[in-house]
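In the part that follows, the structures are each spelled out as structure tokens.
Here chain A shows up in two complexes: once beside chain B, once beside chain C.
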Partner chain A sequence: MPAGATYEPIATSSPTSVGTVDFSSLGSYTDIRIVIFTRQAAGSATDIRIRFNSDTGTNYSFTELYGTGAAAASASTSNASYIAAGLTRNVANIWNATTVDIFNYAGATNKTVLTTDASESNGSGYVWRKVGLWRSTSAITTITVSLNSGNFATGTTISLYGIKAA
Partner chain B sequence: MIGALVAGQVGSGGASLSSYESIATASGTGSSGIITFSVIPSTFKHLQIRGINRSTTAGVSFSQLNFTCNGDTGNNYAQHYLKGDGSAVSASGYATGGYGGILLYNCMARAGMASGIMGTFVIDILDYGSTSKYKTVRVLCGGDTNGAGEIGINSGLWLSTSAISSLSVIATAGNFTTDTSIALYGIKEA
Partner chain C sequence: MPTPTYVAIAKQVMTGTQATITFSAIPSTYTDLVVLGSVRTDRASTVDYLKIRFNGASVDTNLTGRFIYGDGATATSSTAAYAQVARVDAASNTSNTFSNVEIYIPNYLGSTYKPISSSGVAEDNSTTGYDQASASLFSDTTAISSISLVNLFGSFVSGTRFDLYGIKNS
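Take a look at the complex of A and B:
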């Protein structure tokens, strides 16, 4: 029988004048989903980056599959200091939609994530799917969402949800 | 994924009003290559399976998982996929092919990889209780080893109008390790 409702909201941030948001107090779940709806306040297009437990070492990697509107491609990045989850721009009224699923975030294995990203810009854009790895067996206790450059535009929302298995 | 559409809400009393519920979780045993969910309530509209997994079999490349409904291993499935390995993209599909299930490409980590590396997947099963529709699934799956990785999306079809009463995730190489964890969730409609 079902163990009860889950997929619960943990926290939401609506950042202004900053390019980094930290989440702690993650609760007790099996997986965490981050839903990021963002635009860049100024500057050129920039990565949306994910880090765990304030680790800025080169302990991350990711493999991506994407389409540009003209072609499909795949790329990988190893020994990175972050997982690039998406791309956001400074274009009026155009918002980027990103999800990040973090599996078994409190478990003893390395941490694997799956991301989706819709980076549309009316004539240019990308659609992305990525798998990312944080090479650590530590339980994730904090999550940092940041831009590679610039700040989040007002109206950005970053929400965490917890999914608890039976 | 479906979950984004059914995000829970918190009522004034603090109780969750989420339509997304945990049904069951299974862990690998190290001695079996199949995990089956056989108690699936009919009270949901859609299902989602989320998992991390690893095979007991040696190897340094990700291997496939197979996904079946109601124990049917006949040629009653079709699918398409798009996947990338970090440098190349490929796409293919089959109609009522010979796999006896829906393949989840390259999302099972193997014993030759560094300790702690896991493959992962999310499977959405739409309208699983229908007795008039074939069953459609969609998949996001992959794995990364810091230097090699695989990421893919699948659409799948089980050509049956039977309501789904059991779901199986099957290793195509070896058995599931004990740190494998696969969970089934149900999503209600209004």
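Take a look at the complex of A and C:
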């Protein structure tokens, strides 16, 4: 017998002329997925950043595996003030396909995040996987998606989905 | 109460050898598409390369790919003049072993070029496992109405399965 419905849309933002989007009223689920379809409106390549509960302290870390098409590499960042979910560029018609999975977001343990980021532009680009950590036992009640610099290009959509376990 | 999404649109289950599978007449009622696959090919090797094409194309026009993979010993990144979405099991892998593949296509109805994010894993308790993440691009502003999956070398074998899902945001 199937369980109740899961993977439900929570909210979608289509930002224009801003570089930060906040989501609140997350609902009651087990996990949350964010799907980010974006590119940068202007300027140099910049991080797509994730924060929780408006925490701008150095309570985040992430480890990444990435490929440029020519080289594969891994790196880690400790005591950061954000989790880097990807890198977006101001290249015409080239959009990021980025997903962010936040596990047990309402739990009383530190919060683990898995991100994938794809940006291919027929000559340059990269593919990224990252695991992130927010060292907080507080339930996540708000999520901030932002760019390190510049604004999201018009046409960007950032969608939240709730996934409920049986 | 939010509307459920991640809706099953169609499935393709191989009962024999088949070179290409196609999902056509994809509804234009979703925001994103997801393809999940359990994949093995008949190539006489320990690996084959799964490719994606769109809108009835029989060649890899307007498709490029960039990927990173690990084989248990090293990590490598490379590119392709086609959309290589995963490394998958082939005929020389441990029998009854199929690769897992997930392909995510956001904004498939949009009038921009289409980015594709995918991952595939192939593990067979031998020396030929792979974990690959790919970024592909369909350099076409036309909405996607059909998806084809084909291998660089072999054909899909019986037991291979693909499922297509639609994701609708709020």
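Simple rule for what comes next: the second predicted complex is superposed on the first by the 165 of 166 C-alpha atoms of A that agree within 3 Å, B and C clash if a C-alpha of one lies under 4 Å from a C-alpha of the other, contacts with A are read in each partner's own complex, and residues count from 1 in each chain.
The definition used in the following text is that contacts are C-beta pairs under 8 Å (C-beta built on N, C-alpha and C of every residue); 3 or more make two chains touch, one makes a residue touch a chain.
Source: prediction; values computed, not measured.
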Simultaneous placement of chain C and chain B on chain A, clash or fit: clash
Touching partner for A:Thr63 - first (chain B), second (chain C), both, neither: first
First, second, both or neither for A:Phe152, with chain B first and chain C second: neither
Touching partner for A:Glu120 - first (chain B), second (chain C), both, neither: second
Which superposed partner A:Thr12 touches (first chain B, second chain C, both, neither): second
Which superposed partner A:Phe23 touches (first chain B, second chain C, both, neither): neither
First, second, both or neither for A:Phe52, with chain B first and chain C second: neither
Touched partner set for A:Tyr105, first chain B, second chain C, both or neither: neither
Contacts of A:Trp95 with chain B and chain C, given as first, second, both or neither: second
First (chain B), second (chain C), both or neither touched by A:Arg129: both
Among 8-16, 26-34, 44-52 or 116-124 on chain B, the segment whose C-alpha atoms clash with chain C after superposition: 8-16
Chain B and chain C footprints on chain A, overlapping residues: 5-9, 35, 65-66, 72-74, 99, 116, 129, 159, 161
Partner chain C, residues of chain A touching it in the complex: 5-12, 27, 35, 37, 65-74, 93-99, 116-122, 125-129, 155, 157, 159-162
Residue ranges of chain B in contact with chain A within the complex: 1, 3-4, 6-10, 16-25, 39, 41, 43, 50-52, 82-89, 91, 114, 116-120, 122, 140-153, 179, 181, 183, 185-186
Touching residues (chain side chain A, partner chain B) in the complex: 1-9, 30-31, 33, 35, 61-66, 72-76, 78-79, 99, 101, 103-104, 107-110, 112-114, 116, 129-133, 135, 137, 159, 161, 163-166
Interface residues, chain C side, partner chain A - complex: 2-6, 31-32, 64-68, 75-79, 104-107, 110, 112-113, 115-119, 133-137, 139, 141, 167-170
